[in-house]
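I have a structure I would like to understand better, so I am pasting it below and will then ask my questions one at a time.
Note that the chains are named A, B, C and D in the order they appear, and that numbering of residues resets to 1 at the start of each chain.
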Amino acid sequence: MQAEAIDVQAFKVGMGAPDDVSAAARLLDEGALRAQDVVAILGKTEGNGGVNDFTRALATLSFQLLIGRHSGQSVEQIARRVPIIWSGGTEGLMSPHATIFVRSAADPTLPDPGEKRLTVGTAYTRDLLPEEFGRLEHVRVAAEGVRRAIADAGIDDPADIHFVQIKTGALTTERVRDAASRGQTAVTADTYKSMGYARAVAALGIGLATGEIAEDRVSDAAIAQDLGLYSDVASTSSGVELMNCEIIVLGNSRRSRSAYRIAHAVMRDAIDAAAVREALRRAGLRVDCELDPAELPRLVNVFAKCEPDGEGHTRGRRHVMFDDSDINYTRHIRGVVNAVIASVTGDTMCYVSAGAEHQGPPGGGVVAAVVRA
Amino acid sequence: MQAEAIDVQAFKVGMGAPDDVSAAARLLDEGALRAQDVVAILGKTEGNGGVNDFTRALATLSFQLLIGRHSGQSVEQIARRVPIIWSGGTEGLMSPHATIFVRSAADPTLPDPGEKRLTVGTAYTRDLLPEEFGRLEHVRVAAEGVRRAIADAGIDDPADIHFVQIKTGALTTERVRDAASRGQTAVTADTYKSMGYARAVAALGIGLATGEIAEDRVSDAAIAQDLGLYSDVASTSSGVELMNCEIIVLGNSRRSRSAYRIAHAVMRDAIDAAAVREALRRAGLRVDCELDPAELPRLVNVFAKCEPDGEGHTRGRRHVMFDDSDINYTRHIRGVVNAVIASVTGDTMCYVSAGAEHQGPPGGGVVAAVVRA
Amino acid sequence: MQAEAIDVQAFKVGMGAPDDVSAAARLLDEGALRAQDVVAILGKTEGNGGVNDFTRALATLSFQLLIGRHSGQSVEQIARRVPIIWSGGTEGLMSPHATIFVRSAADPTLPDPGEKRLTVGTAYTRDLLPEEFGRLEHVRVAAEGVRRAIADAGIDDPADIHFVQIKTGALTTERVRDAASRGQTAVTADTYKSMGYARAVAALGIGLATGEIAEDRVSDAAIAQDLGLYSDVASTSSGVELMNCEIIVLGNSRRSRSAYRIAHAVMRDAIDAAAVREALRRAGLRVDCELDPAELPRLVNVFAKCEPDGEGHTRGRRHVMFDDSDINYTRHIRGVVNAVIASVTGDTMCYVSAGAEHQGPPGGGVVAAVVRA
Amino acid sequence: MQAEAIDVQAFKVGMGAPDDVSAAARLLDEGALRAQDVVAILGKTEGNGGVNDFTRALATLSFQLLIGRHSGQSVEQIARRVPIIWSGGTEGLMSPHATIFVRSAADPTLPDPGEKRLTVGTAYTRDLLPEEFGRLEHVRVAAEGVRRAIADAGIDDPADIHFVQIKTGALTTERVRDAASRGQTAVTADTYKSMGYARAVAALGIGLATGEIAEDRVSDAAIAQDLGLYSDVASTSSGVELMNCEIIVLGNSRRSRSAYRIAHAVMRDAIDAAAVREALRRAGLRVDCELDPAELPRLVNVFAKCEPDGEGHTRGRRHVMFDDSDINYTRHIRGVVNAVIASVTGDTMCYVSAGAEHQGPPGGGVVAAVVRA
């Protein structure tokens, strides 16, 4: 028996502040989308992206209240149904925004597009304990969740997975103490550093679920260390506001009659503009050195992960990010990759998240494009 | 009578810290250049680029001591002869470095290249009083200095001027109080803001000297306000360590038998990669979407000025730089433009300085390339 | 006819994050206070206290949702009834918290305390236009609001006013552009600086309403300039999340049968520990060099305003706050004054807000103590 | 045979910038001290106190050049003879300055003061390898150096040691890579964190040398972990500009005929003003709640070490320093302790250095006062 055909849409809305949901509200008011069909939101907020970045919590609450007003659901119900994931930090020219993913049963009158089209699947995992956090159990919990999200998306071929986002938690001083009070140790007492462990275990979980990483190579010792292990489609982030994993899988599926398509490439380093062009072309856009301006309306968004080269050099030239005690390296590198992408697309409103441990080759990361087909 | 033929060279040296002159020392030890021929140094240091950025003073002192050791001149003599200008702030991937300009009488055996080649001229002005600072008198003093530096460079056609760097001072709390103690007022009591006035008046001085700006349009009211007034070849920066103007003019001259050439284009905004490609091509390099890697050894350095779009939007998309109370906008935008340039050249070690008041069109600025001919 | 007797209480609750209302929720659950009696909340959140500090908005929304859940009122109703004012920035040891003020008709069985006791009054003003913001009209609007809040508090003698808090707005790049689009100019285009104008006009409005400042001395030219004009009981802050004035007046009143009392002193500079001791003693606590530890349970909270000495020196010694391009001076000085207060009281959870333009003598500010009588 | 009597003086000079040696130059010009008698300099510079704080290097070079000009010695000679130690970071009201220690054979006409008086001793150790750095060998090297400095000071009773300062290095990305290139591992790859290890090993070395810490309790596992191990007189700091230990021991000695005296107390936490009062009294000053203003001219300087309480709470109240991704906790806490000291002495120009691993009880640290006897 054939699984039901679905329709998927993606809307990018700018935000004037973390609690500015006015652009999304207009779409709901105009009937461009229905609140009950929203299945995931992925965006960038203008915080520091660090431990004390509360712009994410504010944006989440603001969107939950908006969806609640339009759907009649409570904030608690929405929190269990719709992953709303923010990467904090809009350095350089990066423009704060959200991409809203909508999914519904396909209107029977929609023609079969004759090719795989955009799909989205989601999942939630259980909360991790502080002592499990950033360790092998965290990898396993993440992997199991990703498998559920892939199934939810209706994807059966791993080659059709183009971007997997996990938001997971971070340790705080309180959580480290909580573990200690029960005779347990946390993987680190450095709260900023715990965000790196969080991203690492989530990425390894993605790699296990997509088959990119072999189960027997993943161990506690490998986490955040053996960077030869990675997933090319992983994008993970960390924030104190949760302790579980919230998962969004994006890909193409035969079941989807969406008007959208997704593709990806892998940046080998932070200035790899060629990979940006490649991702856009794979998604079906015309690109010379830059995206043909006539094609810009077809581009919904670009999603990228990035990190500085770990050796302190990029193409042989020293960078100072790791020695900067004023600005964390994640803040530096996000502005760089946003600039490289925008110099190709002409649009600074794209999603760039930093901290790419096990997400693409060291110093590089995924770049995916969602476009109107 | 014919002016004497000159030879000019440009060397880019990486720096591991503001006081790391080891790469320059090696060049001196190897005889690649002579200390007494050094006429100007222009570089990037890894400070915050703000009022309290003392990396510039440390780098200056370190290079003065180096040149002194090799030339037998005292630090004081060198300080009156060799402008050493640093732009602080190596955000993103920008790699700390210095470009050392060397000038000497041309060896008679050097063939006439049959075209205008790289030249460099310098000048110093008198110290400004705190109450003159950032006002019309400061513009006039700068303009007079630039005219001397152009003459020193042996340039007679303004079209041959491709990059004019001025470093001038900044107000400090002490200097504002000094003016007040004499019954005078400073243009602003905000020390960070005074750096913007400093850049503005220096740029207007350049525009007067090159003829790009008409004398009758420059007034106190126009400073940092009428941004329709600008010079396309101006690059000015500000630092507390001085109160005069130090000036370096780069261009091409018939008098020069240099093996180097300079050209420039104008970026219309911070993600204008096309202008970067154009500057490289005008300088004689092969560029497709990116610089042909085989040409990279011919590229000495790229010099650019930048600033965020003043309206808070770039190509219609909001940026958050002006509302960020943690990181000054100059820090954000430098990382952006360095990334755009490096994504074309493949080299993150280039000179990008922020704060482009009256330096190129609003939101844009000069991008110049010095190459081996 | 006698005005009705009132009861007023003040509860200080710690916060683990800007959206952590758990301590307040416990008080509500235990019946220690009733949601419908909450008339004002004044607290410190762990943001940067600058333009892009969204912790304030998050904390406000979180407390509004809490009060709504317990009172049945909507967020919108609460927003028009209960001023919730946050000062962002808990530098140094300052501990994030809220002080909740509760007011109700006095239980007839409450004995007359025989002295004036704690009272609280509130008011809201209209929204200011961007072009009115930070100018004389803003002063007038604030003064009119403070007069209403004083009347609401049942205070008839200005000597009984001990602390007046106003939260007003800030300019953003958007608002400056809005004014410009209508042919109007904002008082400044520098968003961080607009927060200083906001604090200044609100403080002048307080001084007019209390009679400390004569009406004929207040002009546009005096705003943020003539710092000899000040109110000793003013505490004003600024945040992008609003454009009106929200006002809380604290004092003692004959009408109040509260178990609490308030008093204040004025710090002459940021290290004036003697003024802290004086405020505590006036409020009725035993203080030697430090607060008698046995008295600590009687201390509800200390509320202080602060700013660095404007000349760049404190008691003849240079400070670097105004030349620091990494950390705004408001962040430096809050940590200082919190430390001085805590070194006397033993409690780092107190309210210290920076930017004391026209609030106490230059370099100093009010320090008020609310205690159990 | 009697060891030769010595004279020791201490001069505190304010600095307008890291390279401002004008106040020291005046003292030399006036003959208040002789350049060849300078044996140690200990001061605060206005950098961030982190990995990329180059104000320390600039100040060192500036003082070396000054002493060189007045003594005829080269910078290299001075670098091997005079430890010049800076703690970066003058947060809050802390005023940048240097304390210059001068030592010479006592003038035979100087009367025997009849009590132990101020003495100073110094030592340098060998450079540590990156792989030794922050580990047990580093402790041993530090301890051996401190023993030499104690002997140099002419101190035979450990009770006469009141303040021991060590400046040691920090790992950089380059140094970590250097170790890796030789098949070795560094104790951490996190450069900011390496500064904590540096302070820890140096403090343990001091404790071994003074006898406060038993040799058999010190191990690699104890470093930066077993904080029950500490020295009450240790003050250590870290900076990239060196890889050895530079050591200054301050105490009182029978050999000294100095007009100065030193004493210390231990702050149990960052707001322990009582300990500040105690240190001043032990040094012989009149202190009620605050230092008697008439005594202020007798106070040369106060030297303190500090750190936040490691549990995230101070006297039961949460602080946010460890969760702050914008400002490092060392910056927060320095401003706090400077404020507490200044609120007692009335002088914000004192030396407060952060990062007190193994230096006094957890959350506390030494506070020492040098006064005119």
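Keep in mind that, in the parts below, contacts are C-beta pairs under 8 Å (C-beta built on N, C-alpha and C of every residue); 3 or more make two chains touch, one makes a residue touch a chain.
Values in this document were obtained by computation on a predicted structure and should not be read as measured data.
Between the interfaces A-B and B-C, more contacting C-beta pairs are found at A-B. Using the average of C-alpha coordinates as each chain's centre, B ends up farthest from subunit C.
One inter-chain figure worth recording: subunit A and subunit B are separated by 40 Å, centre to centre, where each centre is the mean of the chain's CA atoms. Between the CA-based centres of subunit B and subunit C the separation comes to 47 Å, rounded to the whole angstrom.
Among all residues of subunit A, those that touch two or more other chains are 16, 46, 48, 52, 174, 240, 320, 323-324, 326.
Residues 48-53, 172-174, 177, 190-193, 240, 311-312, 320, 322-326, 328 of subunit A are the ones touching subunit D in the complex.
By the touch criterion given at the top, residues 14, 16, 46, 48, 90-96, 270-274, 277, 288-290, 308, 314-315, 317-321, 323-324, 326-327, 331-333, 335-340, 342-344, 346-349 of subunit B touch subunit A in their complex. Every residue of subunit A that touches subunit C in the complex is listed here, in rising order: 16-19, 46-47, 52, 54-55, 57-58, 61-62, 174, 240, 326.
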